[in-house]
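In the part that follows, the structures are each spelled out as C-alpha cells.
The same subunit A turns up in both complexes below, where it pairs with subunit B and then with subunit C.
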Partner chain A sequence: MIYKFNFRKDVQYIVVAAVVIFFAFVPLFGSTYTLTLSSTIMMYIVMSLSWSMFSGPTGYISLASGAFVGLGFYASGFLSSSLPLPMLMLVGGLVSFALAAIIGAVTLRLRGVYFTIFTFCLVELVKAVMTWYEIMIVRKRGLNVRNFGTDTAFYAMLVMVAITLIVVVVIKQSRFGMALTGIGESEDAASHIGIHTTRTKVFGFAISAFLMGTVGAVRATMLHHIDPGSSFNMMFSFLPVLMCVFGGMKTFLGPIIGAAVFAILQYSLITEMPQIYMIIFGAIMILAILFMPTGIVGVYERVINRIKKGKSKKGGTDDANA
Partner chain B sequence: MPMLEATGISKAFGGLAAVSKVDISVNEGEILGLIGPNGAGKTTLFNLISGAIQMDSGTAVFEGKRISGMKPYQICRLGIGRSFQAAKNFDGMPVHQNVLMGALFGKKGQSAANASKIVDEVLDFVNLNELRDKMVHDIPLASQKRLEVARALATRPKLLLLDEMMAGLNPSEVGEAMELVTKIRDSGITIIMIEHVMKAIMKICDRIVVLHHGAKIAEGAPQEIAANKTVIEVYLGEC
Partner chain C sequence: MSTVVNIVIYGVIMGGVYGLIAMGLTLQYGVGKILNVSHGEFLMLSAMTSCTLVKAGLHPLLSFLICLPAAFIIGFIINITIYRYLRKVSKDEATFESNAMLMSFGLYFILANIGLKIWGTLSKSYQYYSYPVKILGATIAVNRLIILAIAIIFIVAFFIFLNKTRIGKSIRATSQSTTAAAMMGVKINRTMAICFGTGGLLAAAAGVLIGMALSPTAQVGLSNTVIALIVVVLGGMGSIPGAVLGGLLIGLVGQAVSFIDSSLVMVANYLMVLILLLLRPKGLLGR
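Let's turn to the complex of A and B:
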C-alpha cells in the first residue's frame, strides 16, 4: 500500500493542524473569557472525537462519557493539592481507562441498544457510589480543586486536542482501526476472519475513555469546587453524541466542527438569553437531527455535489438521468 | 486420520436440541456435503465447529488440536474459514477491501505487502477482479456470495465451511459456483458445504451427511444417499 497524497482528504488534516497551532497563540492576545470559551470548545472537541473514534466505526453507542469525564474530575479533586496538572490528567485518564476496560469486558458482549442502556446506567451508578461515599464515609459534600490558572488549563486542553487528533488519525489508518470498522460492518464476519473482536472493542472503548478522563481532570481545575452531581453529569454523556450528530458522524471533521459550533452556540445563548437558553438550544438540536441527519459536514458535501452536478449539466455531460 | 473429527457434539437452545450427539469427520482433500430439511441443525453445526457458539457436549479436533472451546478468531487462525448463508460482507467497504480484511487478520503478523498480494490472487481466483473497486451493495447477489467465499479464502484456510453459497442463484450461476467449489478443492482446500441444490450436491460431493431434527440419519456416497429410504422419507414425507 503506497501512500498517495489525496488533496481532498489530506487538506483537512493540514487545516486542522494549522488551527491547532494558531490556538497556541491565543493566550497572548485573548481575554479570560476567550480563553475559557476556547478551553470549553477544546474539551468538547476531545470528547466528541474520542467518542466517535470508538462509537463511529463500531456502532456501539456509548452513553458512559459522563462517567469517564467525572472520574477525571475526581482524580483532580482528590489529588490536585499534591500533584502537578499533567499527573492529574494521567491519573484521570488511567482510572477511566481501567473502568472502561472492566466494564467493556463485561458489557461489550451486549449488542446494540442493550449496551447503550447499560452505559447510560453506569453514569448514575458511579454517581450514586460517590454520593454514598461522601455522605456516609467522609461526611463532606464535594471537593475543592486547586486552580492552576486559566492559561495552564488552556494549554493542557490544547495538548489533549493535539494528542487526540493524532490518536484518531493513527487509529483510522491502522489495522486496529480497520478491525473496529469491520466489527461495525459485520461483527460475525469480523470474528470469523481472525479478528479478536472482544479485545478490539474493549481496547477501543478504553482508549476513548482515557482521553475523556484527561480532559475531565483539566476541566475540574477550572471549576474550584466539584461534587458528584456536577462531575457525573448526564449532559457529558449526551454531549459527544449530539455534537457528532450535529457535525457529521463518520467524517474526520464532523465531530470537530460539531463540537466547536455547539460550544459557541451554548455560550452565546447562555450569555445572551439565559432564561430561554435551554428551549432554543433544544429546538436547534431537534431541527438539526430532523433536517441534517448527516450533520454539517454532510450538508456541505451535498451542496458541493449539487454545485458540481449543476456545472456538468451546463456542459451537457450529465448522465445522472441515464 | 481425518482432518476434522467431531464426536458426539450437542447443542440445545432452551429445551430444543438443535444438534444432538452428531459425529462428523472430514478427510483432507474431500468435499463433504451436509444436507437436511430446514431446521435440521446444519448451520448450527457450522456455528459449533467454527466457534460462533459453544457446544454443550462433545469434542471437535482439527489436525490433532482440540478446537472445541476456542474462540472464532483462534479457529480461523488455525485454518478453518467459513462463509455465511445470508452474505455478511462489510457493506461499507469496496470489494477489494473486504478481501483485504480477511488477508490482514486471517493469519497472525501478516504483512501489509503480503496481504495485498493475497487480495490480488484471491480476486483473480474467484473471478471478481473486474468488480474490485465497486461497493458491496452495487454488485449482484451471485458476486456477493463469491465475495463471502473470497474473504474466507483470503484467510488462507485449510478447511472451508460453505453455508448455502448457491441459494438464490440462477442455473448458470449455480454452474459457475460448482466450478468454483471444485477449483477450491483442487487448490488443496478441504470443503464442507451445506446446500439445498441437489444437482450440485450430488455432482461434486465425495460424501454426504444427512441431518434431521439435529441428528445424523445417514452418511455415504451420493448414490447411496439418493437411494437411502430414510432420506427419501425425510425429504418427501412418509408414503
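Let's turn to the complex of A and C:
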C-alpha cells in the first residue's frame, strides 16, 4: 500500500511531533516548577489519549483509569528500591494489562452498560484490596517511593507520550483500529464480517490500561509517598473522560488539547480552591456533553467548514465534521 | 448460634437499606435509561442534611419530611433541564445512554464536592434509640430495628405506588416501551422526570436511615453508589423486585464476610457478581 500524503490531515501529526521534540529541550532552560507541571500535563495526555483510543471508537465507556494508574503507583511503591524506572513502568503496565484483560474478558461480552458499571466499581475494589493488604498483612499505611529526580520523571513521561502517540496513530491506521471503529458503529455487523469482537475489545482495553499503568508508575516517583486513597482515586478516572469529552473524543488532537487545558487548570486551582474546582470541572463536563458533543475540535472543524462553504457557495456535504 | 442470628438480622437490615438505594437506581435506569453514578450522592447529601437538622433539634423522623421532598425536587429539576435536553439532541438511544452516564459522572463530582465543601471529612451522628435489646440471643440496637421497619414501609409503599396508582402504571408502561406508552397517551417526559425524582427520593430515604445509626461522613456517597450498582447488576438491570432481592443478598453476604474480615466485603460482592455474570448475564430476576 502506498501511503498518500494528505496535507490537511497529516499536518496535525507533524505539529504534534514537533511539539514533542521541542519538549525534549525544556529541561535545559525550564525551572523545576515548569518540569513538574509539564510532567503532569504529559501524564494526563497519555491517560486521555489511551482512554480515547479504546472508548472513543468503540463507545464502551471505561471509568477504571483510576485503578490502572493506581496499580502503576503501587508497582513503583513496591519495587522502586530495587528496580530502575523503565522496569517499574513495565511492571506497572503489565499488571494493569492483566487486570484489564481479566475484567474485559468477563464484562466485554455483555452490553456496554455492564462494562461501565464494572469499571466504575473496579477502582473501589482495588482500593479495598490494597487497604486490606496494608491493614492486615504489612500493618503499615502507605508506601514510600524512591525519587529518581525531576528530569528523569520528565523524560520518562515524554517517552511515554511519544510511545502513546505512535501507538494511537498506528492503531488508527491498522486493521485492528478499523475493527474497533467497526465495533462502535455496529457490533453485529462487525462480527458478521469476521471480526472477533470480544477479543478485539479486550485487547484494545488492555493496551489502554497498559499505557495508564506505565505513567502511573512514573507519577508515583514524583510523589514520595503513596497510599490507597491517593492512588486509586476517582479523580484519575474522571479527568481523562472530562479531557476527552471537552477536546473531542473521536479526534486525534482533542484528547491532547483537553489534557493540556485541564491539567493546567487543575494545577493552578488545586491549592487555592480544592473542592470548588472539582465542582466547576463537573459542570464543564455536563455543559460540554450538552453543547459541544464533538468537543472543541469538532466545534473548530464546524466553523472551518462553514467558512469554506460560505466561500464556495456550493454547500457541500456535512459529513466532514462528524 | 447467636452469631448466625446476628449475621442474619444485621444482614436483613443492611439488605433493606441497600434494596432501597438500588430500587431508586434501577428505576432511573429501567425507565429513563440513565445510569446515574451520582445516585449515592443524593444519599450522602440527605444523610448529612438530616444529621445536621437533628443536631439542631429536629426529630429524626421529621427530617424525612424535609430531605425526601428536597431530593425529589432536585432530581426532577435535573431531569427536566439537562437530561430532557440531552434526550432531544441525541441521535439515538445508545448515544443518549452513554452520554447520560457521562453526565451523571459529572454530576457525581459536583454533588460529592458540594458535600465535602459543606461538611468536610468528619462523621456526623446523633443518639436515637441507640440502646440494645436481645432477640433470639442476639444483641441488636433498637434503632437498627427502626431502620428495618422504615425501609420495609418504603419498599412496600413503593410497590403499591407502582402497581396501584395511575402514575405507577404509566411508569411501568414507559419502562416496557417508550414509544408504545407515548402512543397510549402517557406523558413520557413527565413520567421520566417523576422516575428520576423518585429515584433521588428513595436514595434520600436510605440516607436518612443511614444517618440514624451509621454515623455518615460526606464521603459515603461513592461506596453506596458502588453497592447499589452491584445490587442492580445482581438483581437484573431495570428489575425492581430484583433490586430488593439483590439488596438482601448483598446485605447478608456482606455481614457474613465482615464477620471474618470487614475489609473484604467489597471483594466478595465483586466476585459474586462476576461469577453471576458468567452464569446468568441477565441478573437474577432480569428480563
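Going forward, the second predicted complex is superposed on the first by the 287 of 322 C-alpha atoms of A that agree within 3 Å, B and C clash if a C-alpha of one lies under 4 Å from a C-alpha of the other, contacts with A are read in each partner's own complex, and residues count from 1 in each chain.
FYI, contacts are C-beta pairs under 8 Å (C-beta built on N, C-alpha and C of every residue); 3 or more make two chains touch, one makes a residue touch a chain.
Since the structure is predicted, the reported quantities are computational estimates derived from the model, not experimental observations.
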Task = Using the superposition on chain A described above, determine whether A:129 touches subunit B (first), subunit C (second), both, or neither.
result = second
Task = Name the contact category of A:110: first (subunit B only), second (subunit C only), both, or neither.
result = second
Query = Of the partners subunit B and subunit C, which touch A:10 in the superposed model: first, second, both, neither?
reply = neither
Ask   = What is the contact status of A:185 with respect to subunit B (first) and subunit C (second): first, second, both, or neither?
value = first
Query = When the two structures are overlaid on chain A, which partner does A:281 contact: first (subunit B), second (subunit C), both, or neither?
reply = second
Task = Return the chain, subunit B or subunit C, that is in touch with more residues of subunit A.
result = C
Ask   = So, A:121: does it touch subunit B (first), subunit C (second), both, or neither?
value = second
Message = Looking at A:241, would you say it contacts subunit B, subunit C, both, or neither? Reply first, second, both or neither.
response = second
Task = Name the contact category of A:272: first (subunit B only), second (subunit C only), both, or neither.
result = neither
Ask   = On subunit A, what residues does subunit B touch that subunit C touches as well?
value = none
Key: Contact footprint of subunit C on subunit A as seen in their complex   = 59, 61, 63, 106-107, 109-110, 112-114, 116-118, 120-121, 124-125, 128-129, 131-132, 135-136, 234, 238, 241-242, 245, 275-276, 278-279, 281-286, 289-290, 293
Query = What residues on subunit B touch subunit A, complex-wise?
reply = 50, 52, 71-73, 76-77, 81-82, 84, 88-93, 101-102, 104-108, 112-113, 116, 151-152, 154-155
Key: subunit C - residues contacting subunit A, complex   = 29, 35, 37, 82, 85-86, 89, 94, 97-99, 101-103, 105-110, 112-114, 116-117, 222-223, 225-226, 229-230, 232-233, 237, 261, 263-267, 270, 273-274, 277-278, 281
Task = State the interface residues of subunit A toward subunit B in the complex, per the touch definition above.
result = 1, 175, 178-179, 181-182, 184-186, 188-198
